[in-house]
């Protein structure tokens, strides 16, 4: 028997029950479902549907159900088609007929989206806290690696020397924006649906502001049809998660490349690497590969919900039951991705000698063009002069910094003795003292600003 | 202790183990894994790594592991990072040191993709069988609904009358192509990787053709690097599944619209409908809504794998561990979607009286234009004449078929007494006797052709 | 000759030039490119690279190039690989060697993302303005349709009566969130990259705050590597656009269904419909179908960029050239979608008589259950009672509101004479007076709140 | 005036016209549209709608329109909403009233999908031809690089030595499957829709088999509703294109990494590289980066169509107008990607000395384990022994191949003098002589098989 089959003359087919059943995944909402029901019981008491005594009775049994669930003492039955119906069944079994009052003026349509919004707010806070930890790790690295100069890459070709700390601080910077997106998703989520009923609003004059206050929502929804139909807050959440995952896939890619024997810039700690079943010498950066690979899952989950929502009329359709699995899956996986990345970063060994060996004099080509600019040559000409000089060095297999002055002057008479002052990685780095640049002072300023931000983080969106 | 940690000085972090662990989902491959290992043991025996006695010993224990697993008697341990390592551990525990020979000349890289290809072939066959059952249901409906004329729609506007059976047979037709795509995916999958080793080919001269024969593969891979790196067969499978899911979402949409009170063309059986927690009168076509909604999941799973594969260098990276969950999820869900649709179709009640009432005389407008064409008017002029006539009918609120001849002749003098012969749904339908048209004879021919196809189906791709 | 080929010994292949060439689409950035170059010239003047006279000279010619472009007087040449190089070439041709100074301390890497951020801010403002117009149209409809009661649907089955205005106001409500997402995307975009150089920061100590002020950015980027590598702001913009497009696809779906002969709730104006090439009677809601269909494009464009970014190392790679086409395509199409929907809404004819005829007494089933609740019956029991009553009505083909009291009392003795007070659509609607409900006063409150919001809109995010 | 507005009382809004207009992109179908119209004119002549003279007249003018279009002499007008209507307008202008007969018994619904199928067949053939050229390039490289041994990678860590030619042949192998997918998509496309009319089949008894023969279709559609509604063939085509693009993105990634200074395995020809606007020394593999990046576009285009099709009822809706742009965009971009890759491959410089220097003795670890296996040690034990030996080498910074025998025997007494026979890259490679392995004979066999396939390619699917 179902809670809704008064008008039916025939039971559901068993395959239909299994197809329709969402309990295997939506039981993750039990805490929110019971919190929502407690708030609803209080609201019903205020409008006289429950006496205070009945309310206490019902609330007590609801809490007992949650306790029993957490202790593994709840047995579900096949007719429990979702967590909401399961809780109501258990309540009626325990509290008796008074439990049958609980669903007064409420519909699963507003109930499920209330639970989902509560849960999403929690997930978003958890992710934000983890992202902050990862930022903290990036700042830690930036502080301890401040003396390491690496070749900065574009197109995976050596471009200009930068501080390794500058690289780590780029991660801090982009994660600030990822967190801001998560915070905005939390804001879009932070609206109370309860009281919207099936579609038209509850038939009982419940005090929705009081319910919102009890459940920790800052706003009450303005339109009941919007509330039961819309899942934009989930789509925004999945987009925020995908964005963070893509961001981390990019840093993972770099570190995988840097872990190769050929680059050899970094070495993962054994605790975050794995070996091969066949090749005894292998030590693989599997942690980073999974971080990279799981971004596909996060994008896929976004597409999954986006496509399900596309072209779906208002208000509630069962298609919307497909909204929760991508949320749970993305949250669980992104959480792991962030935490693992934090550990990988903190335990990473930077191979400073290998990095220094790898720095190529061509990294100074832009500085040499800028040198000519400072002597008065327009940049575009200077670029061509240095371009030709580089061509000569490639041809002659001569390091750029070892070309004799006389030879340099064949390329431009503007070259003088002072050109050798450019031949220092530190000088090259520190010449980028502009705000946001890789100059040591600029990077220290970035670190200080980051620490101020981290110190003031409340670590909670809601 | 891991099977591969000889060179490591430190164990994996617990979080890393959990992040890396694929056993929760890849245990679904145990049957294929053991079949593959049996075939490998036989191959090793043929090259002398195992004696016949050792091989029998190992094969016996492998089979006992599968039996125990099927009987729920296997306990996994935390260090079992995947089903392959778990089986090897169990084997060594049971068979002793001789079990440690099994992985000779083999790598997880060729092992995992052998298992996955075996499993994918099976899944594709299962889906094809179910699609055939759904086609059978469509043909059943086509046979029993042959007398029902519905308004055919474009843009959800009544367009031309068609046989309901013609509509059902369109489903048969498109599913033939869906099955053909699944068959091609099976063909792309049907290649033996075993013997490819980690990347370079096995170091032992195993007879790969014999292994292929034993495992039921029709081809042996030509290049070991391709085999351990490529997952195109999975992407093709997921695309085939998404295509089938999208196709069914379109028919589901139609039937949901047709189930509305306003259309009222069909009524779902109670066994495939559900009710509302709040509104006692509701009977909702949830089965069809889930069918429609789950197409988002199938597309999402495709994107998930596609994105994970994008830009991934050769050969094996741990990113590829993300390949199996979308496969399993899409297979399981599409299977349910097809089966449920089959039942919905077979139990659907067609409301013939409502449909007949709904047929609008404007459905005959094209026939009237064609009438004028047959009298010698160029079609484009005829279209304009009937367009203006329709405008008049709308304005005058007059059914097209009740405009007096005199009035018709104001629009074109070509109208004669014989125009009334057009005023019959049956006549309109049967005038489309062209191959593939909705004429009764054409539809019967479609049904007969379908039955011939269904009769010859072997129901198995491989 | 290229601007960068000093070190090359061989020209690009013609196919490579065409593959690499982004001018066909990035010329849309010419206005931003020239604004950015003017600001850069000013910055270079402040650090002494340009004299004031040179700066004026260069700025004058830059503006002349824009004017000529707007007047269609610019001819591009095959070696113009993108708009940035084209503008620099034109400048040098017009201004002479002094123009070759302009690229001092700047790279295309910071230049292109500065242009793109400026352009994205503009696009987001334009979309927000259009969304506000659409909201205004929804409020207009809500005001003029306040007397129309429609059957509210869940699962496309009649659920409860609601005001048509309540439906329109749901669109207002969800669009507030769509606008908020666009506003957050604008915030993520509103960061000045210029001065980041190729990767390490400019080698010249330009005043980046002054550049930001001149270009209208509120913040200056903190890290140069982040700035040239990140495209998260574009991904967020594309997600915001996809979300808005999905939202509108849902309303379009409803209106397409409502435009069918069978529903007949609304009729599109001829100006926003099209006909058929073959069937003279057809009038199709093509405008709404394109609105619905184009949501696929918006999701596709999101996936396109997301996938391109996935796993891409830092900092700049040419892959990032693929970032602009999805932006332009989504912006252009979403803009049309919103504007067309606004017109469709404003010119839509609501067929009140058809709607009233369509209202089914079963819409009152929840009210009847609530009635029993008010008499003291627990809701779940009341739901069952009314469910059985509905079953009886279906069986007996009797309207729910015409069941005699005696018969009602067979289902529950709680029914009394006063039950007939429920039999009024207006009463049913107004009983949902709860905040956010469909009661007339609630809807009027929604409209008033909306008008306050619209009155205070500045219509601009930045 | 429109061709279909007889019943309308009001013209389309200008914005609606622009929203609805598909001419800017569907004019790419003009050749197919005119071929289809010629075939249709012939069919109409056979059923007497045209006299032979009229047919010749119409066909002549149709061909003149195509000629004029190809010569740039056609002017479109604003009311030309698509290429089909434009051609019909031009025909009537040129041929007079007899041109108004052409659309007899035909609808844009069957016309547009006929054109699209013809065009898609052509595109698929073109792509297959290009893929074959790329395979040819891979075989060329395999033949000329047969002496080059590279470290084969898994996880971007050196795994086992392989022939570079083996790597190139892996590309040949996977492209065979990509071509097979394109061929299957062509098969799914190769069905004639013409004669399906708007939905119900043509009202005129045209000989559809004759039309198919004339247009080069091998099959005639079985069901008219399926034909005007389905776009599965396009989705399959886009999936095939995405798959090929993803495949090539993976090889591009490898070559980008190999082009880095740190790997230094290959160098792109100057003709397929580009430089930097700021850094004079840069030579970037932009061609490969675009190849990699454009895979995002190909996946996005798939999602675009998939999402548009999802949940769309039958038969034709204007949403389907969105089907052509992703097809054209993916075809054009994939074509460029393949061609550019072919050139990059053929002109690539392999830096043999750098590669040989890079080979790490640890690459032989598996061979040493296999050596112990051959001496009788179970593989899993051998793996552990070598694992510990590798650990020792890492610790002692000693090359694996220079550990003295005495030391080796500390790890296992099975080591003997003959172990040094393993210390040869050629030996290691050739020990993988198994079918599909990297042994020289195996690779030569692959090359020979490939050449046989390439020799027999007809270069055309249809």
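What to note about this one:
Just so it is clear, A, B, C and D label the chains in written order, and each chain counts residues from 1 on its own.
We take it that a contact is a pair of C-beta atoms (placed from the backbone, for glycine too) under 8 Å apart; a residue touches a chain by one contact, two chains touch by 3 or more.
A quick note: this is a predicted structure, and the numbers were derived from the prediction, not measured.
Steps from chain B to chain C, minimised over paths through touching chains, total 1.
Chain pairs B-D and A-B differ in how many C-beta pairs they share in contact, with the greater number at B-D.
Our note on geometry: chain A versus chain B, Cα centroid distance of 33 Å, whole angstroms.
Inter-chain spacing, taken between the CA centroids of chain B and chain D, is 23 Å.
Among the residues of chain C, those touching two or more other chains are numbered 3-9, 103, 109, 153-156, 159-160, 197-198, 257, 275-284, 286, 289, 292, 295-296, 299, 302-303, 306-307, 309-312, 317-318, 366, 383-387, 390.
Chain A contributes residues 153-160, 256-257, 259-264, 275-286, 289, 303, 306-307, 310-312, 358, 360, 362-363, 365-366, 368-369, 383-387, 389-390, 400 to its touches with chain D in the complex. For chain C in complex with chain D, the touching residues are 2-13, 15-16, 18-20, 81, 84-85, 103, 106-109, 111, 197-198, 269-284, 286-287, 289-290, 292-297, 299-310, 312, 317-322, 325-326, 336, 339-340, 343.
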